[in-house]
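Mind looking over this structure? Questions follow.
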């Protein structure tokens, strides 16, 4: 029997190729249709969340290593953007790459902990990393600006002839926000492609083997150090690049943003989206990432929310947003642990059977 | 020089001796069986052979010392195994499980995989072909795209055998391959084991606590009791060994 | 020398709080095998409930504390029943994440009910005794005393009460305990209730020590992790020893290391426990008293 080479394709069915094509087309056209700053901001946030979540998914989803340290790596990237991109004026490809390299190197230092520690212990160590990280960010004044933080608004955002802060094609000028939108989603797309490629080839299979059964993985010849550390390096490198973009989007980097809640947010994103599925990380980012901003925008339609205490309502907007994250995390883990991606797959399967039985 | 030489290996768990001074050889192409009651130390011997535990003593494959090497290294030197209580990668499909058996024969690293250019893809095609052959040999074709977790126990055992075979091993270790199987499945497994020996010529070490299954199958047997070797020999020699009759057959029949 | 003794007293008091918090983590870990992050929230709620009963409702402080304990015990059991029970047999990852979700929910519920920062109005205030150059604040004295009482009660319960014995049995071997007719469900419920009760004491002492209660208390509670790790996750005795060791280390860091090593940054003492924890995990992952499970294949 011949090997069916279609199985090797990233998008084996025509349906999947058409859907991805549509998604990309819609993505490219969005800035032509949407011009309001609000929705562009929301989509930029979602793109940055997608970058980081795809990274976390490599570690947690594919390799089964639970980490609460993601916020720390995001922070490392953000400060790299501020220090090398804004303060030193490095060009975009260089500071972005530097963020990736720095994240990867620190990930490579943290990775070996995962060799000795499993499950609960690894969660606690990576949690400790976040506390230590905030301490470093608060005190390494020369680079981080200490408790005052540091600005990223001077960071270079041009690539070749394209300045993402203001670029135009014949007949259309794009705003800075729209440029940022293209930049983060191009990066998110690259991350998706890279992780999808890894998953379907030898290294990605090895990661999943480590996740499913680590003793058996070793016995078939998979080196646990190589793959566990490798997963940490890739994941934290992607996180740092996402953090760099986040720093640029917010124009300011302060030490306390890189806290446990941010880590939990990322974990919630990959769980709600579908842990262990590349598409899940993106779905989760699109769904959960913009949620706080959307809730805030429409808070006047929700009578139980208040912006300032004492003006009626029972929950503040900020509190409600965090509650929403907590609640969605619990609800999905209890009732749909494979997330939105699984819902989508199920819907697709139903659609197929419905079509094949007219 | 024998293919596999095990010399006086011993292993303890917190004072409890799981194996003491076990010595045996396995020749190329041989089907060698290790039998003994539950808790005799059979699985522990396997764990030593592929480096999950580190015993005292010496284990050599083609003259190369294995003790002290990590399991992943030992795997790439040519020792493959199946587990008593299944250890498949249960979220992956059959083909991916077999492809993981070929992990040590492939080279694609993180970067080549991420870019999916040239070698990554070529390698994937070549090794997939070999896995498809094994799928056919073990008659797994109907299950090849299904997630492992949902398949019946007997099929899963066969997939695990396939994964070990995909490693192109020099020595194949099978830990109770027919445990928990019905008669029909047991006969099927015996047939696959003989096919593998005849078609591929791989040396095999087979662990069983059911003596009858191995008596028909094995070239030579080793009988283990409380971690110690009480007899080694051909099925006839074992059947007539007074120690074995006293310790094992005596109470069984 | 006085400096050292003063720091030792302060460290022991801080360590007693860590020990109390860690004890709550350990009780649940011992019976269910997972770290209950929501416990940080229990500590937070414990302090606010006590505030509510004593200040808002104007009840005597001790009565308020006892009522808070009863409330937390019931709440913990309800959460266990409604949420955690559904996750028996799920991977550790799932359970941990659910408890993190609960932590976030509890924190925000607290913030929605009470204004962010309140004064506990505890009976100890800022009174202090002096003993030959060593200053002992009343709060610290009572912290250590309460910790000692809780710990003693804890050991008596485990050693002598029927449920304590059942819990020990279940911790050793759940299936065997089931076969003995021990209700594992009941054991879970009791361990959560105990965690809820202990959390109130820990929360009140944390609040009294820092003179006010605010919503960062739950994160302060998470700083007890190093104590738990040092003691070895599943050992109550370890939690106590670990707590005191970490507390003393932290205070000694403030007293001796920070003034001499400014490059470590301001407030280095607060991350010192994590530095110690990471060192321990690398050198001896099972902590000082923890038991180790060997994976069989």
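The letters A, B and C name the chains in turn, as written, and every chain counts its residues from 1.
One rule holds in what follows: contacts are C-beta pairs under 8 Å (C-beta built on N, C-alpha and C of every residue); 3 or more make two chains touch, one makes a residue touch a chain.
Note that this is a predicted model, so its numbers are computed, not measured.
Engineer: Among the chains, which has its CA centre at the largest distance from chain C's?
Structural biologist: Most distant chain from chain C: B.
Engineer: Which chain, with its centre taken as the mean C-alpha position, is closest to the global C-alpha centre?
Structural biologist: A
Engineer: As a quick test, compute the distance in whole Å between the mean CA positions of chain A and chain C.
Structural biologist: Averaging C-alpha atoms per chain gives centres 33 Å apart.
Engineer: Calculate how many whole Å lie between the centre of chain B and the centre of chain C, each centre taken as the average of the chain's C-alpha atoms.
Structural biologist: 48
Engineer: Would you mind pulling out the distance in Å between where the CA atoms of chain A average out and where those of chain B do?
Structural biologist: Taking the mean C-alpha position of each chain, the two centres sit 42 Å apart.
Engineer: Going by the contact rule already set, what residues in chain A reach two or more other chains?
Structural biologist: In chain A, the residues touching two or more other chains are 215-216.
Engineer: If you look at chain B, which of its residues touch at least two other chains?
Structural biologist: Residues 52, 83, 87 of chain B each touch two or more of the other chains.
Engineer: Using the touch definition from the top, which residues of chain C touch two or more other chains?
Structural biologist: In chain C, residues 297 touch at least two other chains, as defined above.
Engineer: Under the touch definition given earlier, write down the residues of chain A that touch chain C in their complex.
Structural biologist: Result: residues 60, 64, 66, 113, 116-117, 119-121, 123-125, 127-128, 131-132, 135-136, 138-140, 215-216, 260-261, 264, 267-268, 271, 309, 314-316, 319-320, 322-323, 325-327, 329-330, 333-334, 337 of chain A touch chain C.
Engineer: Given the complex with chain A, which residues does chain C contribute to the contact?
Structural biologist: My answer: residues 29, 34-35, 83, 86-87, 90, 92-94, 96-98, 100-105, 107-109, 111-112, 115, 219, 222-223, 225-226, 229, 233, 264-268, 270-271, 274-275, 277-278, 281-282, 285, 295, 297.
Engineer: Can you list the chain B residues touching chain A in their complex?
Structural biologist: The contact residues of chain B facing chain A are 50-52, 70-72, 75-76, 80-81, 83, 87-92, 95-96, 99-101, 103-104, 106-110, 112-116, 120-121, 123-125, 128-129, 132, 136, 141, 163, 167.
Engineer: Could you list, by residue number, the parts of chain A that touch chain B in their complex?
Structural biologist: Against chain B, chain A makes touches at 1, 3, 5, 7-8, 10, 194-195, 197-198, 200-206, 208-209, 211-213, 215-224, 230, 234, 276.
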